[in-house]
Every structure is written in structure tokens, then in C-alpha cells.
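These are the structures in question, set out in turn.
What follows is a pair of complexes built around subunit A, which joins subunit B in one and subunit C in the other.
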Partner chain A sequence: MATALVSTVVVFAALGVLVVTSPGWDAFKAEFLDGGLFRSSFPDIARAFALNIKIFCISEVMILILALGIAVIRSLPGPVFFPLRVLAIIYTDVFRGLPTIMVVYMLAFGIPALLLSDANWYRSATLWAIVALTLVYSAYVAEVYRAGIQSVHPSQDAAARSLGLSRWQSLRHVILPQAVRRVIPPLLNDFIGLQKDTALVAVVGPVEAFRQAQIGEAANFNFTPYLDASLLFLLLTIPLARLTDYLIERDRRRFLAGGGA
Partner chain B sequence: MPAAVALEGVVKSFGKLQVLSGIDLEVDEHKVLCLIGASGSGKSTLLRCVNLIEPVDTGRVVIHGEDITAPGVDQNRIRRRIGIVFQAFNLFPHMSVLENVTLAPRKALRMSRNDANARANELLARFGLADKRDEFPDRLSGGQQQRVAIVRALAMEPDIMLLDEVTSALDPELVGEVLGVIRDLAAGGMTMLIATHEMAFAREIADRVCFLDQGRILEEGPPERIFTEPTEPRTQEFLRRIIEAGRM
Partner chain C sequence: MRMRAFVMAVAAAVLVAACGSSGGTTASPGGSTAANPCAKSNLTLVTPGQLTIGTDNPAFDPFFQGPTGHEWTGEFNHDPYNDQGFEDATAYAVAQQLGFSKDQVNWVAVSFNNSYKPGPKNFDFYLAQVSYTPARAKGADLSDSYYDEQEAVVALQGTDIANATSVAALKPFTYGAQIGTTSYDLTKSVIQPDSAVQTFNTLNAALQALKNKQIDGLVVDFPTAYYMANVQLSNGTIVGVLPSSAGKEHFSMVLEKGSALTACVNGALSALRADGTLAQIQERWLTQAANAPALQ
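Moving on, here comes the complex of A and B:
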């Protein structure tokens, strides 16, 4: 404990000295660490950050549902469901393979360009950016769910089916509850990524925290507003990261104590 | 009156490995059949074919005169009438004892929660588990878990029970309580197919004993004859080893 403390202090002190004694330190301090600008920019960026939170919340709910559907489809046994399984595989391959920023671009500009409707919601870049994030993240989250489903021992399904439960009832009441419980930590991990990626929405126009910080930068020729945005993102992601680690550690302890059950 | 369970020429392979090589057997209603034989002789697979958890390759499984291996048979309906208990209990770890027992009656039989709970409480009390109804499986001993698994199967009011080495995973001092439950069931007239390594128990409870060897029924008969004067050399060999191991 004492050793850890001493070595931590030494390392951070060394890094601090390195930064402060660097040739560009004074210019850097003026452009990135302007305390007055930090405070004056904060309210606008915090308001814009509400959009990040909104995008995150809406897409998270849709991802949880869509990804579960895809994972279930990929887990359906038997030749009858082969075409559905292939579709699910194509889906996950495509959307895990494309850069998120490109999907955001293509949907937010492409779908309104089809002119399928005059409605305001249809022309909303925010909406299609949410759809893009949902499509991309569902591909990842579906794989997480699927790993969970496969981690439930086949004897559980055998027990459920031999009691006369249908395939669907076994999945719904026996397999999925155990699978979802096991994948909560990796699910949260993906959601930390999603929280950050809400900033990608900026590339198609909506003024969220990152875009608002860019506006602040341009107006003041100063990078400090990014520090405001960074702080806001960290306030959101760090608690979730700590929660994830806590749950992983708790599961590990349970596993060690309970012999795996 | 047709047999409760009849297997006719049942063959089952996993890949290239033929596990059952033409099984014919009959169990009359209210009778207990014990399957004995070395590990890998096909006892478990045979039981799993009876309730269709494993589909048979060829041959027929006939339950009370109905060919359940015929195409178009509703397998879920068949399984509701045939209870199975596994070596490893296979309780649902995310559910309490009561939920484990009531899940199938509620979902497969569409019983109300009250009715299912009433039936479960009655069964749990009968098998000395009333005070465990709100526990989760990992808080129970192996013997208690296996008794819950038996109660879970009984809650469907099956007319046939399949027991697949139900005491093999238990500590020796816990075997007795589970065997006691099975004795109760036999006394109550339950038709049972029991795969077991407990030879003394098989001898006591079975109406008939089948010795399985390499996927075939090599010898069958009343327990006194099989255990005291087996005719097949492989049966003699098997029983000699069991006696040497102190298991009989």
C-alpha cells in the first residue's frame, strides 16, 4: 500500500514536471487551460450535453431490444431458421465492419435525401444519427447477448424442455434470464463506448456538447471549451465504468464462492 | 392393456458412435425397471430417447399404445406426461425452489399461480422441503436439490418417471434421502425407468432389471435372477467388478 502510494506520487510528479517544463507550456496553458473561459463556456456546453444524454438514452433502449432480437434469431436451432440466421449474421458482419462515423453520415444525409416524407421528424439529422448508432451498436451488443446465451449449459434447456415447456418458453423463462445476468458487465462496457460516440452526431449538424465546444473554440480561438465537454463526458462515463468493474468483481467472487453456479 | 412404455428396435447414434444398437423393451404400468451397466453402455441415452430429448434414428417409442416417434406428434404434450430427473439435478439457478417447481405447471399447463403454488406446497411438504420453498438452489445440499428436482418433475403429474443416475452426483451420506423418495414413488405405483449404479437399491426396488452393454440389452429378468445367477459372461463380469468395488 505504502509502496503503491510512493510510486504513484513519483510517477505523477515526474509527468507533471515534464509537462510544466516543456518549451510550449506557456502557450499551451493560454490556449487549453483558460479558467475564465472554462467557466463562461460551461453553461452552453452543459445544455448541449443534454442532447448527448437524450441520444444515449433513446438509442440504448432501442439497442437492448434490437440486439436481443438478433441474438435470439442467431441462436434459433434447426434448418427451418437457416435464412433468418444468415440475415442476422450478415447484419452483424456489416454493422460491426463499418466505421460508425460513416454509418452516421450515410443515414443522416442519405435517408432524408430520399424525400420519402415532408414531415419534420423525417428530415431530422438527430433521428437518423440515433438510428445509425442503434444499428452499429446492436451488432456488437447482439454478439454479447449471444455469448451469454451460449454460456448457459444445454442441460438447462434439456431440463426445461423435458418438463414440457416449448422451445420459446424455455428460452424466455430459463435461458435468457441466466444469459442476460451473465453479460451485464460487458453490456455496460459497450454502453460506455456508446456514451462517447454520441459525439459523432456532431458531424451531421446537431449541436451536442462536442459541436458546442467547437463553436466556443472558433469564437475564442481557444481550445478550453473542449475541456468543459471532456469533463461532462467523464462525469457520465466514469461512474458507469466503476459500476461495471464492481459487477465484474462481484461475479468473480460469487463464482469462486459458489463453485461456478 | 398396452405397456406404459415400449421401445421397438430403437437405434441412436451420435456421429459415428452408435450408442443404442436396437433396443426392445417394455415396462408395464406401475412397474419399476432398473437399467444397469457400465458407464457408456447407453443407459442415459435410452432414457433421453423415451421422452424425446434425443430423437431416435430408427425404431419406435410407444407410450400407452401411442407411437410418440411418429411424425406430427406434439412433443411438448408427450413430455408433460413423462417426468425426468437428471444426475446433475439441472435446477434453474435463477429461480427459487417454489419457482422451479411451479414454472412448468404455470407455463406448460397454464395453471393459475395460486393453483400451481398450492400443488407445489403440497409436494414440497410431502418430501420434507416445505421450509426450503423460498431458497435458491445453490443454498441447498445436493440431496435437497435432487429432491427438489424430483418434486419439480412430479408437479406435472406425470404417469411415467425416468431417473437418470439420480444419486451419482451425491455425497454418500445424502444418497439415502433421495432413495427414500424413490421408494415412496414406487410404493405409490409410479411407473419408473431407473438408470442406476446402486445395485442394492436396484435389487430391492426393481420389478425387472435390464443389463445394458454396448448399446444392447444383453440380459433382463427379475432382480433375484440377474443379481444371483446371471447367465451372460459380461453380466457376471460387470457384477463381479461392482462387488469388488464394494458397491453391493
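Moving on, here comes the complex of A and C:
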């Protein structure tokens, strides 16, 4: 304990001295750590952050639903479902492989460019950016679900079927409850990534927190507003990260106690 | 394409006029006495003996207008080595005023944000439609004006916004502007639109949003507005020119904070203004400015 404390203090003090005594420290402080600008930028950036939260909440719900559907399709047994499985595989391959920013551009600029409707919702860049995030993240999350489904021993399904449950009932009441519980930690991991990627909607117009910070940066020739945005993202992601750790730990304790899933 | 041809024709006509009247303008070298801090030999430069000028990549018409085949990269990105285009010509005029011949000028591509980043710079001065603001002047040296700026609203023909004749009538529409520009600030402070102003990384992205009708109007500096409305958009129009905040908006060249060259560049600009060269360059490359309605 004492050793850990001493080495921590020494390492951080050395790093601190290295940074503070660097030749560019004063310039760095002025450009990145302007306290007055930090405070004056905060209200605007916090308001813009509401858009990040909105995008995150809507897409998260849609991702949970769509990804589960894809994972279930991919896990369907038997040759009859082969075409569906192929489609699910193509989907995950394509959307995991595409850069997210490309999908955002394609949907938010591409679909309104078709001029299919004059409705406001159709032209909304935010809406199509949410769809883009949902498509991309569903591909990741579907794989997480699939890992969970495969982690449930096949004997569980066999036992359920022998009790007279249909294939669907077995999936719904026996397999999925166990599968989903096991993958909650990696699911939350993906959602932390999603929270940060909400900043991508800015490239198609809407002003979210990071873009608001960029506006402040360009107006003041100073990078401090990014600190405001970073702080807001941390305030959102750190509690989620701690919750993930807690759930992993709880799961481990249950497992060790022999309680099963 | 017909509009493109038209613009070319106008440019050619102006070119002839400009050439006819520019015979008497000979730039004097930056001075020969050793005491002159702006003498070429006394300047502290990125590359000794060479003037290194930065601009954004891509560089846009009508600021840079190179022949096709000599682009840096990208569709509207032109070779800066030929003094064609408003900023290109201005840069070469300043270089000449400072005593540099054309082959002593080097160009570097520098993105807007990097032009004012702390630390050493890889250009002697930088010009890419950077508007002067007091806040910006804290982080970098900004030269005197080489162009007094006006902002204009671009829209699609036949849309409701195209009929607006006053600033007040612009309020109910949705606007877009390029991120980090004074166009954005001016849209918010002058038009004060009912809905949030959308921002875009590039003008091409903003233009796409305008074509998609995701925004009703796009606010850009006037020369860019002219080029968009007449060349880039097949059905574009300039709604009008916004009143500027007491004429204080102008383009500045960016130099390293505290650079000794700043005073020399300002001296060169002042000389070019006095002998009419700046006005000629502006007339030749941005002469179309006269045709847009002013919004009150």
C-alpha cells in the first residue's frame, strides 16, 4: 500500500514537473486552459449537449431491438433459415466494416437528396444521423448478443424443448434471459462508444456539444472550449463505466457462489 | 455550364480592362537601405530568401483560379502558383511589394485551424478568407484588411426565402454556415433566425444541405456566394447582402504572434491600396459584387 502510494506520487510529480517546465507551457496554458473562457463557454455547450443525450437515448433503444433481431436470426438453426442467416451475416459485415462517418454522410445527405418528400422529418439531418448510428451500432451489438446466445449450453434448449416448449418459447423464456444477462457488461461497453459517436451528427449540420466547442474554438482562437465538451462527455460515460464494472463484479460473485446465471 | 461560360466571359472582359489600365503600376521593392527592417535581406523567413505563403486546401474560386490540370487535389482546388484569383493575385502583389520575384514565392497547404495553432509556423503569412476579429487577434497576428468583407445569403430559386427583401423577412428560415466562420456569428447576430443555425465542415457539405432543402439559406462571404449561385448551383440565387457590423468585417492575413513581418505586410498592403493595385485586383476577380441587392 505504502509502496503503491509512493510510486504513484513520484510518477505523477515527475510528469507534472515535466509538463509545467516545458518550454511551451505558458503558450499551452493560454491556448488550452483558459479558465475564464472555460466558464463563459460552458452554458452554450451544455445546452448543445442535450442534443447528444437525445440522440443517444433514441438510438440506444432502437439498437437494442434491431440488434437482438439480427442476433436471433443469425442463431436460427437448420437449412431453411440459411438465406436469412446469410443476410444477417452480410449486414453485420458491412456495417461493422464501414466508417461510421461515411454512413452518417450517406444517410443524412443522401436520402434527403432523393427529394422523395417535402416533410420536415424527411429532411432532418438529426433523424437520419440517428438511423445511421443505429445501423452501425446494431451490427456490433448483434455480435455481442450472438456471443451471449451461443454461451448458453445447447442442453438448455434441448431440455426446454423436451418439456414441450416450442422453439420460439424456448428462445424467449429460456435462452434469451440467460444470454442477455451475460452480455450486459459488453453491451454497456458499446454504449459508451455510442455516446461519444453522437458527436458525428455535427458533420451533417446539427450543432451538438463538440461542434459548439469547435465554434467557440474558432471564434476565440483557443482550444479551451473542448475541455468543456470533454467534461460533459466524461460526466455521462464515467458513471456508465462504473456501472459496467459493478455488473461484471456482481456476475463474477454469482458465478463463484455457484448460483448460475 | 452556360453560367460558367458567362462568368468566364465577364472575367475575360475585366481582364482586358484591368490590363489596359495597369501599365503604370510598378511595385517598388521593399527598399535598399540596411536600416529598413522590411528590406528583403532583413526579413526573418521560414526559408531564407523565399517567401512562403499558406492557404487552405482545397482553395476555392474566385480566390484561387488555376488552369485545370494543375490542381493541388480536389474539384475546386487550384494551383496557386499562377497569381490567378483574388487571393492568389493579392498574395503575389504583396510578395512583389516586399521585393520577391514570382519564383521566390513558395506555397504550402495549411488547414484553417492549423493556421493559428500555437508553436512555430511553416508559412510566412497565410490567407484563406480569414476574417478579422479581436478574439482571433489574441492568438495570432492579423494583418490590416486586404478585402472589406460582406456576407451574403445564397438560396435556391423559387423558394420562399428567395423573395425576402429585408433582414426581418429572413427570420423564419433555417440557415447553414461553415463551422468557425464569421458567417456563422453574423447569421446569429444579424438575422437572429427562429431555428438553430446548422454548421458544416466544408462549404461543399453546406451546399449539399442547401440542395437537399435541409437548410433554406446558406450564409457565406460575398465572392463565394456569387460563385455558388452562378456556377456551383444550377438554380441558385443570391437573396441579398447582409448589413455588416459597421464595416468592421474584413479579411486579414495570418502571421505568427509577434512576427516582425506583420508590420512589413501591413506596409505593403497600405502601399498597394494607395496606388490602386488592391482595387484593381478586387475589380478584376470580384467585380461582380456590384450586382447583389443590399438587405436592410
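Simple rule for what comes next: the second predicted complex is superposed on the first by the 258 of 261 C-alpha atoms of A that agree within 3 Å, B and C clash if a C-alpha of one lies under 4 Å from a C-alpha of the other, contacts with A are read in each partner's own complex, and residues count from 1 in each chain.
In the analysis below, a contact is a pair of C-beta atoms (placed from the backbone, for glycine too) under 8 Å apart; a residue touches a chain by one contact, two chains touch by 3 or more.
Predicted model, so just to flag it, every value in this text is computed and none were measured.
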{"item": "First (subunit B), second (subunit C), both or neither touched by A:S166", "value": "first"}
{"item": "Dominant contact partner of subunit A by residue count, subunit C or subunit B", "value": "C"}
{"item": "Touched partner set for A:R39, first subunit B, second subunit C, both or neither", "value": "neither"}
{"item": "Subunit B versus subunit C as contact partner of A:V174, first or second or both or neither", "value": "first"}
{"item": "First, second, both or neither for A:A158, with subunit B first and subunit C second", "value": "first"}
{"item": "Which superposed partner A:R252 touches (first subunit B, second subunit C, both, neither)", "value": "neither"}
{"item": "First, second, both or neither for A:K29, with subunit B first and subunit C second", "value": "neither"}
{"item": "Contacts of A:R242 with subunit B and subunit C, given as first, second, both or neither", "value": "neither"}
{"item": "List of subunit B residues in touch with subunit A within their complex", "value": "48, 51, 53, 76-77, 79-80, 82-84, 86, 88, 90-94, 103-104, 107-109, 137-138, 152-153, 156"}
{"item": "Subunit C - residues contacting subunit A, complex", "value": "112-113, 116, 118-119, 133, 135-136, 138-140, 176, 179-181, 184-185, 196-201, 205, 208-209, 211-215"}
{"item": "Sites on subunit A touched by subunit C in the complex", "value": "24, 27-28, 30-31, 109, 112-113, 115, 118, 123-125, 202-207, 211, 214-215, 217-222"}
{"item": "Contact footprint of subunit B on subunit A as seen in their complex", "value": "155-156, 158-166, 169, 173-174, 177-178, 181, 258, 261"}
